[in-house]
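We just call them A, B and C in the order they show up, numbering each chain from 1.
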Amino acid sequence: MAGNIWIIAEAWRGQVSEITFELLALGREVAGQAGAPLEAVLLGSNARELAQKLGAADSVLYADNAALADPVPENFATALAQLIKEKQPAAVLVPLTNLSVDVGVVLAAQLGVPFLNYCKDLKAEGGNLTATCVLYGGKMEATVTASAKPAIIGILPGARPVEQGRSDKAATITDVAVTLAAPKVHFKRYLESEAGDVDITQKDFLVAVGRGIQTKDNLDLAEDLAATLGGAVCGSRPVIDQGWLGLSRQVGKSGMLVKPKLYVMLGISGAPEHVEGMKGSQCIIAVNTDAAAPIFNVAHYGVVGDALEVAPALTEKIKARKG
Amino acid sequence: MSTATASADNGNGVMTLENLAKFPEGQKVYSCMQCGTCAATCPYGEDSEFPPRQIITMLQAGLIEEVFKSSSLLNCVACYACMAKCPRGIRLTEVLLPLVKEQVFAHMTDVPAELQKALQNTLRYGNPMGESPRKRALWTKTSPVPVPVLAEIKRPVDVLWFVECYTSYHPRGQDNSRATAKLFHAAGVDFAILGNEEKCAGECARLLGEKGLFDTLTDYNMKLLRKYPFKRIVTGAAHAYDAFKYQFPAVGFDFELHHTTPFFAQHLDKLKPRLTKKLNYAITYHDSCCLGRHNGFYDEPRALLQAIPGVKLVEMTHTGVNSICCGGGGGGMWLDTYYAAKGYERLSERRVKEALDTGADVLAVSCPYEISRFEDALKVQGGDKRMVVRDVVELLAEALED
Amino acid sequence: MDILVLMKVVPDVVEELEVGSDGKSLDTSFLRTIINERDDHALEQALLLKDKHGGKVTLLTLDAPDIDDVLFTALAKGADRAVKICGVESVQSTQTAVKLFGETIAKTPGLLPVDLILTGVSAIDDLDGLMAAPIAQQLGWPYAGVVTQVALADKTATVIKEFAGGVRGEYEVPTPAVLGIQAAEKPPRYVPVAKVRAAMKSQTIESVDAPAVEAATTVEVQQMAKPQVTGHAEMLEGSPEEVADKICELLAKRGLL
């Protein structure tokens, strides 16, 4: 395949986002199949040290420009379009995050090519790129060939393990220049989420507690787990009714509709009224002492066991992994 | 497009709040003597700005617009208590309240999310849960006896069984349906269902003020009923029963109608010899608003329960016309969180506390909403180890010989 | 302040989806469509802005079965005008939809000028692109996506865009602009069915002929299949520590740690 395989590195407030490493891992496989080098592209302002982290790529293009300090998709897209014209990559893998997706779609629009969306897997075969894309909210998977030059491809989070894309290898960094005019859209400021007002519908990680948690004090076990995961605690209605959690934390028919990446359930039976609110979650793990609990027909993974034991064990293991 | 209405057109068009006095039922509203019984009997009376008495005052004073702007009518769970107790016999829950609520609903800018979802689902999928209409009859695959579908059998039947939503989709409602099917067989009734063609009868939408939705569903279901030859309709859904009995006649519904509980009570002579399994339960029966206060079926469910060998019937403090509403009617099924946010006690919990006090093992019901409401309330009250909730038909089916 | 809202329908996943006989598209025999959820939010955002600033909200959609219901519902909610692009078979490609919308907006008298074009930032069937950015490109207007709040002032829209972990960004966008809406400031409003029925009697939906556009070709579906679902959880066994290890592993594999 003529041209390099590019992955667009995502830097978010001074850090390389984890999805960047997932893309590196996937890109590595695709580059291997295509017999092409894997190249990472990092755009930023005074962010060169972040490029060091991208050693899993054969080479890194780093463009530094003051206009790339703020998340203005138009600037990033214009910069990328310039680099693409110059370097002619075969494929450009873009993280499907709220931050990067706009860069990808504006870039594709500027180049007049499609933006291949919802891609969870990608292969290079016989000079073609074949993508597996998740459609209709996960109800179908399409195998798709992308023949645009270059193919701009949005990669879903979780395509490959993060670890697989990390490398201790020193990155080979090439500095490149981009020229950017004043953008049409102006970034004003970041708005931090206010402490206290937890919007469980916006969380990627939720630990849901049910009556199986038994006492209000045991909620701490769930809070610890949620904090370790970087998420929040929510609950079934009886738990909310007992006043252990606020109304805004109720999931279900008469509560919130949530679709997190991970939904850990501690002692929830799986009543239809609860399931209605969480069945769209991407990964559901249920812990319940009752092997016949209906929730095991809904969850992806099940543990027959005491939530009061499994939750703290899990918190410890995750802490250990996260270091 | 035809329009179903609460009272037959008497030459004055459709009854509205403006032309109320042209209808006998409407005229009656003006006979209110302001005794306040309605407010006193209303389960949410203390929390409501406009109990029926107050509404009538405002109507007479020409200030009804004020009522439309208040959301307090969302508190009305259509429990029929005020109507049952009104000394002037004003059909409050049936006639006045829906007319007022229709306007309240039209003025409402923020419909509680849970309720909105249920209404949108009912319009789109024909059931408030938002389940696929193509899966409505899926439960029949787990029925212990065959459940014929009218579109498939292509022959007239004696009984068209209108199954309804909770009894089609909710796992515990399906228990009710499986039991009902078993009882039809045991009683030798020739029956069939509408299957996936059936849609919600929409009575709760009407009682809540979403009359347009009710009319849309009525148009649909009435056309559907006309498609098939049958003698009478039986339904286990107390709210659908009300819709058919009181609303559908305005669009030409003239079929013989029964609710499953009184229907099986009528067939007790056939069923009784087959009720051979002894159930050693102490049972307390909850009179549902629709079946009890609205339609007066107090004895039938009890007769059925007493026909089961081994059963001991115990009564709660509030029974019959004084029964405590489960809080699920008139849209209450989709307002639990709205009420909780306002700090109201959930009525289902008030009810199960009383049920638990009887010391019974089983709380028996005959309206499909109540199973999930009371089971949940028992969990919250910590009483789910002591008491289970069963529909009367479930208990009967359990007692049937194999 | 005038706003144009672009809406399209997507397959309703409440109904079981099946693969068609060609093995690469949806079986349409039982397919039901529903308004793209985010387009519904775009409409709500437009109506909220209208509530605040006045002006006209116009809807533009591609024709589809049941589209009239969608449009009458929107009119009943307070939209002023509804236009559907007719004469296109069900449009499978977002690229093609972009061309159809773009050409129609440019060529149909009376659709422009507007201050904003709003549309859902994405849809569950957006395989080969998202609508808003390429439409902005065609018009030469600024674009912002993943928007959850819009405030309008003279010649500028201040928008809030959502990033990760509850952090949001505030942007100033000169109007006219195209915004991809992630969520409206409030959930889409309810409109009583009686009002929809009234809209059906009193309002009309305009039709325009679809412009001739070339179908998009660089993304080609080879095969479509349902992902395997087990119907029962995969059970993890062992002591709490062992189970915790297994969970960690599967989370890591899914990129969740």
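Note that in this section a residue touches a chain if its C-beta (ideal position, glycine included) is under 8 Å from a C-beta of that chain, and two chains touch if they have at least 3 such contacts.
Computed from a predicted model, the values in this text were never measured in an experiment.
S.K.: Which word fits the touch map of the chains here: line, ring, star, complete or other?
M.R.: Drawn as a graph, the chains make a fully connected set, so complete.
S.K.: Measuring from CA centroids, which chain ends up nearest the centre of the complete protein set?
M.R.: Nearest to the common C-alpha centre lies chain C.
S.K.: Computing the C-alpha centre of each chain, which chain sits at the greatest distance from subunit A?
M.R.: Between subunit A and the rest, the longest centre separation is with B.
S.K.: Please tell me the distance, in whole Å, between the geometric centres of subunit B and subunit C computed from their C-alpha atoms.
M.R.: Roughly 38 Å, centre to centre.
S.K.: With chain centres defined as C-alpha means, what is the inter-centre distance between subunit A and subunit B in Å?
M.R.: 46
S.K.: Averaging over Cα atoms per chain, report the distance between subunit A and subunit C in Å.
M.R.: Each chain's C-alpha centroid was found; their separation is 21 Å.
S.K.: Quick check: what residues of subunit B touch more than one other chain, meaning two or more?
M.R.: Residues 130 of subunit B touch two or more partner chains.
S.K.: Report the residues of subunit B in contact with subunit C in the complex, numbered from low to high.
M.R.: 1, 102, 105-106, 108-109, 111, 113, 116, 119-120, 123-125, 130-132, 134, 210-213, 215-216
S.K.: Note which residues of subunit B are touching subunit A in the complex, please.
M.R.: So the residues of subunit B touching subunit A come out as 114, 129-130, 170-171, 334, 336-337, 340-341, 346, 372, 376, 379-380.
S.K.: Which positions of subunit C touch subunit A when the two form their complex?
M.R.: 10-11, 13, 17, 19, 24, 26, 94-95, 122, 124-130, 132-134, 136-137, 142-146, 158, 160-174, 180, 182, 216, 218-227, 231-237, 240-241, 243-245, 247-248, 250-257
S.K.: If we count contacts the way the header does, which residues on subunit C are in touch with subunit B in the complex?
M.R.: By the definition above, subunit C touches subunit B via 14-16, 30, 34, 187, 189-190, 192-197.
S.K.: Would you tell me which residues of subunit A are touching subunit C in their complex?
M.R.: Answer in residue numbers: 12-13, 18-19, 22, 71-74, 97-99, 101-102, 105-106, 108-110, 113-118, 130, 133-148, 151, 157-163, 184-193, 199, 202, 204-205, 230, 261-262, 283-286, 296-306, 309-310, 312-314, 316-318, 321-322.
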